[in-house]
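Just below sit the structures, each encoded as structure tokens.
Paired with chain B in one complex and with chain C in the other, chain A is shared by the two complexes that follow.
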Partner chain A sequence: MAGLAAGQRLKSTVCATEIMIISAPDGDFELQCGGAPMTDGEGNAGGDVDADYAEGTALGKRYVNEDGGLELLCVKPGDGSLSAGGEALKVKDAKKLPKTD
Partner chain B sequence: MNIMMLLEMAASGCPERIAFVDPEMDVSISYQELFDAAGNMAAILRGSDAGRLAMLDISNIGIPIGLFASGWAGIPYVPLNYRLTDPEIDSLIDRITPAYLVTEPERVAGFRDREGVQVSSRTDFVGQARVSGEAPDPWSMDPEDTAVLLFTSGTTGAPKAAVLRQKHLVSYILGSVEFMGADEEEAALVCVPPYHIAGIAAVLSSVYSGRRVVQLANFTAEKWVQIAHDEKITTAFVVPTMLSRIVEELDGAKNADMPHLQSLSYGGGKMPLSVIQRAMELFPGTDFTNAYGLTETSSTITVLGPDEHRLAAASDEESIRRRLVSVGVPLPGIELEIRDEEGSVQPVGERGEIYVRGEQVSGEYEGRGSVVDNDGWFPTRDAGFVDAEGFLFIDGRADDVIVRGGENMSPGEIEDVLLEHPAVSDVAVVGMPSEEWGEAVVAAVVIADEVMAEELQEWVKEHMRSSRVPERIEFWDELPYNETGKLLRRVVKERLV
Partner chain C sequence: MTGPLEGVRVVELAVAIQGPAVGFFFSAMGADVIKIEPPMGDASRYHRGVNNTLPAAAYGSQFVAMNKGKRSVSLDLKTEMGLKVMERLLESADVFISNYRASALARIGLELDEVTKRHPRLVVGHVNGFGPKGPEADKAMLDGAAQARGGITGLSGAGGEVPMPPGAAIADHAGGMQTALACVTGLLAREQTGRGQLIQTSSLGAQLWLQMWELQHSFMTRVPLTREGSHHPNLKAPYGVYMTRDDVPIMYVAAMTDESWTTFWLFVDMPEALLLEQWDTPGKRIGVAGSDDGLAEIRDLMKTAIALHTMEEWEAFFSTEPEIIWERVRNHEDVRTDPQNIANDYVVDIDLPGSGKTSTVGTLMAFSDTPTKAPGPPPPLGEHTEEVMAALGFDSAEIKSVRDHSEAEKEAMLIALLGDN
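Up next is the complex of A and B:
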């Protein structure tokens, strides 16, 4: 997959998951969901979710890699789980902020 | 990125939940219905030749439909100030044609034959949006698309159109609001007008947190208190003038008797210490938050949170107690610096212009480009200082704009009008501290012929909005100028105290 850009929307090819890139490091990045590459074209192609990447995604949660350089927002949940270059992405803790408006 | 994505997520997270209620019109719309209505309207906008969606209207169900529909259609949303005079509105509309204009039924006839304007009444607009139709093609996710054009008053007179792109608004929401953070019973009372950045932010934040929004179109303290009780409001935003009126309305009461009101945030102008102190007594269980922000920064950039309010109010130490009038600390996504006129960063406690940087910061005006520097810093034109703990205090405007009741006005515009009066030979207009308005408009006038203050006030009223009329007019022999001929507004203010 080519470089990722903030704001880009990608779909899983094996489940209903859709994500938006919040931030991404420069360079090529292999982003996967359910163990299969994500796409900016048509989504779910009917393949199976890899059992190693089947924890599911949650709507509105943010996912980050270990060094925090990659951050995604789940905009549609699904059965697969997210990974980048083989590394499973983790849910980022939400900051608690006072309501301002 | 697109604000429509925020609504899509909310509609998928809580489709049945009520999104907006207009109690006076007795209508409401759920999240799924709002999503569908935005799609229907986007299809209509795409089928028209409109390059903008303009809304000249008070708060109503059509406002969020219009905001999201324009995001879906890929054209800028332009909320217009319905308090402007007809000529002022006309000149703004000239700048945004071809446009699809939604307005109050009474105004429709006036725009029917206008070139470049396709006009629709609020009633027709909402009606059309709410019939079932087929969802149009998806919205663009290009972060650079313009989401909102917001006219703001500047120093040079003619309003500037601030450009807020999708990336600015989406970054602000993602950085400051927890998705579906609201419980089922939470309700926000929104009484700021839709043409104010706080009104736009309120729509977007509430949608992303899944909160029910109760709209109050024409604020009065009496109605606010009534609705807050009746609708069991849990959260609200007010400008200082509104809070001052609410406190007056509850005069004599031991407390406001609103245990359900969990949070009350305020911003948009200077909050008098006496008002916030009294408000905290009247709403003992409520979390108070002061939010400071600008149109150009997609709303809030610094926050004084509930804990800081309580700590400051309970403290005997002056340095901590005075934080009640501070605007707090920057949001996590915002960097802040105080700079002097040469651009050097100021030390703690020194006054200077406030600069900010962050993904939500736009700083761009249509037709004028960006005022953000190469490193991404935006000069706010507000002056202030930061204390030892990093709390920001606002201290007037770097460029003397008057902020009256949350409304920015340029002294130059008012001076220009006064100078046109045959009896006036020179004039300085400044904002003076006011308990009621934050700042009041006051004029120092040098006259060539005899004239009464009342006559000059009437003169301004004939030519401008009534909010511009000087509350007080003093007659001076001459105005203070420096050697290069620059009016010394600071000296004018000192003499007017």
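Up next is the complex of A and C:
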């Protein structure tokens, strides 16, 4: 897959998942969902979710790779789980803003 | 016990809002508040205001708001007997409240320092327009003047357009609140010293209290904050009021978590907004970063987003997002019926002559050990003259003379105002 740009939206080809790129390192690499490449065209072509990538995605969660250089936002949830170059992406911890009056 | 200040006696010589609001605080706390009124009464008894189709005998709303639960004594303080009753009342009192101008009080023999000397245990709470010192210490004041002088009017309204006074008489109300605090502090000090004292506050001072943060910011930056219309001068966006698709105003304050901020933009299917640098940290999102860079863009985005859904849809969404701070902008009927106000007795019912059962603002403070009771209606003019004078030791002839004089004065004033037919 060509380089990814912030704001770009991609769809899973095997489930309902849709994501938006928050940040991505330079260079080309493959982003997958459910073990299948994601696309910026028509999504969910009816293929099967790979059992090794079937933990599902959650709406509104941010997903990052190990070094944090890649960050995605799930804008539509699905059954597959996200990976990049074979590395499973993890949910990013949310930070809470202290309340103030 | 009917409240934390049961047993405290307050004498109030005050009109309109700022002074009587202090007396109302005390009556709400269970104190015995004796309102001294001239023969015609506090003029706010007669202020009818807009949309008022109630019978002429109904009290004015301003009078009701400020005078619930008090006793009324009608005295002509221009007479020797009136002043004699006043002095004896002050001798029996713990607190004296007035928002008459100091010069007016001095003219009738109630010069503030002298009153304090004559009654050494009395806490004298005096509130005026612009403070007890300086060249304008005795300048006349009504609410809007103090708002303007204190800088609040200048901060209200759309940038570049005519400043707007806030929609409520906040200068008077705040002056009353601060004076109530001052008087209670004076009572506590008396516990330590055994002495009362003169405490002077002002509407102008209260305006500064209401803006301590905003003023401090302007003072520290040496750049005065400016009005920002439906936004806060120091929280320029996204904080602000926006209209829903069905034209209902929403006050959006802040998303307290990254998650809720994200969910907000997903709800309107505008996740690209999350990428904007202007609000990519929680601090920027509450507006504290204070930069004007891209301000118009992020205000437009918020305006577009809120306008994508109806109020009902937003309420359903926000109910699932407790970390987003927001409120629908309410009108006074909404306030009257707000279940939260009712649950807290912030709005309670009261029976009023000429008006019947009416909603009114309650005591607003919840005491665990000395609970308050909602004060009853305001008193008819002079209703308690006789009982108060009798309790002070005046005989029936003296009481009759005061009552007859007040009634004659009132009648003469009515004739002067309305004619004799």
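The definition used in the following text is that the second predicted complex is superposed on the first by the 97 of 101 C-alpha atoms of A that agree within 3 Å, B and C clash if a C-alpha of one lies under 4 Å from a C-alpha of the other, contacts with A are read in each partner's own complex, and residues count from 1 in each chain.
In this section, contacts are C-beta pairs under 8 Å (C-beta built on N, C-alpha and C of every residue); 3 or more make two chains touch, one makes a residue touch a chain.
Bear in mind that the values here come from a model prediction, so they are computed numbers and not experimental data.
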Quick check on the superposition: with chain A as the shared anchor, is it clash or fit for chain B versus chain C?
clash
Please tell me which partner, chain B or chain C, touches more residues of chain A.
B
Quick one: classify A:A54 as touching chain B (first), chain C (second), both or neither.
neither
Return first, second, both or neither, reflecting whether A:A88 touches chain B, chain C, both chains, or no partner chain.
neither
Output check: A:I22 vs chain B and chain C. Expected answer is one of first, second, both, neither. What do you get?
both
After superposing on chain A, which stretch of chain C overlaps chain B: 7-15, 187-195, 241-249 or 385-393?
241-249
Chain B and chain C footprints on chain A, overlapping residues
6-7, 20, 22, 59-60, 73, 75, 94-97, 99-100
Where on chain A is chain B touching in the complex?
6-9, 20, 22, 59-61, 73, 75-76, 94-101
Mind pulling up the chain A residues that touch chain C in the complex?
6-7, 20, 22, 59-60, 62, 73, 75, 94-97, 99-100
Write out the stretch or stretches of chain B touching chain A in their complex.
1, 5, 8-9, 12-13, 141-143, 166-167, 170, 174, 176-181, 198, 201-202, 205, 235, 237, 263, 265, 267, 287, 289, 291, 299-300, 303, 305-306, 331-332
If you look only at chain C, which of its residues touch chain A in the complex?
254, 256-259, 262-263, 266, 269, 271-272, 274-275, 282-283, 285-286, 323
